[in-house]
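By letter and in written order, the chains are A, B and C; residue numbering begins at 1 in each of them.
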Amino acid sequence: MADLFSYDVLQVTLLSLYVSGCATMLGSSIGIPLGALVGLKEFGGKGAVKTITYTMYGFPPVISGLVIYYLFSRSGPFGSLGLLFTPTAMIFAETLLVIPLTAGVTITAVTEIDKSIKDTIRAVGATPRQCVLTVMREAWVGLVMAAMIGFGRAIAEVGAAYMVGGNIFGETRVLTTAIMMETRMGHFGYALGLGVVLIMVAGAVFMFLRYLQEKELL
Amino acid sequence: MTVAVELRNVDKRYGDVAAVRNVSFVAETGHVFGVLGPSGAGKSTLLRMIDLLESPDRGEVLLRSRNVSADARDAHLIRERIGMVLQKPVVLNRSVANNLAYSMSIRGWDEKEIAKRVAQELKRLGLEGRARKNARTLSGGEMQRLSFSRATVYSPDLLLLDEFAANLDPRNVVLLEDMVRSYLAEDSNRAVVLVTHNIFQAKRLCHRIALMWDGEIIEVADRRKFFENPDDERTAAFVRGDIAF
Amino acid sequence: MSIMVVLVLVVSAVGVYILLREEEPQALMMATTTSTQDSGLLEYILPDFEEKNNAKVEVIAVGSGQALELGKRGDVDVLLVHSPASEKQFVADGYGESRTLVMYNQFVIVGPEADPAGTRQAHNATDAFARIKDNGTAGTTKFVSRADNSGTHSKELTFWSYLGFNKTQVQAFDESWYKQAGQGMGAVLDMCEQMDAYTLSDDATYYSRVADNLIPHLNMTSGGGSDLFNQYSVIPVNATMWPHINHTLALDFLSWITSNETQDLIASYVKYGHQLFFPNTPGYVPHTTSLATIEAMLRLASVHDEELMNLEDMARCWSIHG
């Protein structure tokens, strides 16, 4: 158990936070505005778009990994960028998973804002763009929740992360891929220990965000 | 005496239900025009069409003799000249002061002007001490008065009130009705359209009243005539209290 | 809002630090199998290469099939795998520049302590498989297959082929006794523990599971025969096809891993009380006094699919150690 307090585990943990943090921010900045627009605008096929978004919750992450792999493999269209087996590729793969999740939660959050508020904002003369922004602000708690759920998804990701990252020691090994490897080797106790580290780290992140919310800084 | 709002032969359906049927009336500046009738008579729909939140299926809505449409590009500009207060208090999840400032800040008004008007309204509402507090912490009556202030703080020409004092205690009802009178008194160019099912309120506030029943306008008359000597049998029965809402 | 700015800055700073820190002078991307990585051999020998060449070897451990695929697609510089048939095809198709033998480890047949199929009495591995099948179809035992196109799986299929069953026929074996797991070696051993079944395993994974006391009811029932050798080769990826590859470094790796020094190093790797890997690059003459090495090399009497050592080397080896 003392092994868990090693520099290796620290390095792996920091990389986990970096990759998942970036994926969350990138994914949320796409997913949340998209979700707000889908939730608030009326358009043909809106129902279909919503259904597709919610269906993507069940999108197999390893497929996301395969897609990114094909895109960034040397044989692939973006191969010359040399991004395969780097943290960047892992961020892209996780972002693909964060987007539908944050979009879906945002759709629900903005839809639930009372119609009287939406009408009043319009009545008061807000432009369509201002309406969307104001409703998003009213649904702020829900939007933060969307980002937090997205982070949870990203930091728990293993299949796609392994596929496009390669679990290279010191480069692309994160907590989840390390757990997979340790389990494969039969070191169940150590793997569980890493799992505890992951949960505690994720918990610390969430606690910090909650603290910010309470202090009304978020 | 100018025409603030005119409706001509307006129809509106929702699915199978004809919410508004062939409605026409004229509301003049300097006056409170009341639309009286039971809930579900289509009164709210009328207001929404006047505020360009919805379009009539048939007929015209004229604001200051100008034909307007809810789909128009500049619809939001027209709404800038209109204020609306709903039955439910609508406060945004921010401070009292910011709620008041909202309608002006979205139009990019001068900061100083905004601050001045906000201060005035806070005083009128008696909420100076709670300017920084989240508006959701106010009582129901305070929130509704705040909603009213937010709707009038940017000096709209037309004020639409949809059962704005329903469910409130007598004290707040009085305060709100006084606010309506102040609003009109400040500028002779202003008009109010009040939708209500409260006969007594209509009697207190309105200069001219229309009785709406099942989507149709049964009768329009000045206050005196409406209550003392109406043309229609149903109006008389309604005023007597024979027909309960 | 300012907190968001702070958070973004912090994350970016950490990211920049991580990215900058990894600016090594040279990196060699190597694809290998999970069993190779899990044996711990690479952590033991690679630092020597990294020091000598001022480079870092980036090890990507996946299944055999996937490793070859990475090579085909130019995503790695060099392969270290143990799937002779597939490797030969790989080079023949032009994806690999060359194929050089490096070392071998051993497969073992693992089964329930009681050995219901009587594999301990088998003459050789093929005979053991025949007994397992007979007992399986009779309902007295089970077999769990990797069923994942790994090197181990290929080896298993080789034995079935000696008994006259091609791959399709093997995959059609009755599910009541032949279980196709589609998983890694560790997981398959765990399944055998639970099901009282046999399997073909690499020795390293088996010893590892035993050391961690995860398979108390299983025993090695057959092993050590040359028919159970698992040959590793190193294959530099075709640099003409993929110009971006670190070809020079890949060739340096090839010459390093086949050098006498490194081959000795490989032989000196001991885990769970056993030497796991037996170096056998052509021209290698063992300098170590490991009797086991010599014995193992001399056990290449009847080799079905691989020349593990030619006669000259054998003679040289014999003469050095008398």
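Assume contacts are C-beta pairs under 8 Å (C-beta built on N, C-alpha and C of every residue); 3 or more make two chains touch, one makes a residue touch a chain.
These numbers were taken from a predicted model, which means no experiment stands behind them.
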Chain with minimal offset from the mean of all protein Cα atoms: A
Relative to chain A, chain with the most remote C-alpha centre: B
Euclidean distance of C-alpha centroids - chain A vs chain B, Å: 45
Where chain B and chain C are represented by their mean Cα positions, the distance between them in whole Å: 81
Cα-centroid distance, chain A relative to chain C, in whole angstrom: 36
Per-residue multi-chain contacts in chain B, two or more chains: none
Chain A residues touching chain C - in the complex, by the definition given at the top: 14-15, 17-18, 21-22, 25, 73-76, 79-80, 82, 84-85, 87, 166-171, 181, 183-188, 212, 217-218
Residues of chain C touching chain A in the complex: 2-4, 8, 11, 14-15, 18-19, 22, 29, 34, 37-38, 56, 58-62, 72-75, 184, 186-187, 205, 208-209, 212, 214, 242, 244
Of chain A, residues touching chain B in the complex: 114, 116-117, 119-120, 122-128, 130, 134, 137-138, 140
Of all residues in chain B, those that touch chain A in their complex: 48, 51, 53, 76-77, 79-80, 82-84, 86, 88, 90, 92-94, 102-103, 106-107, 147, 150-151, 154, 160
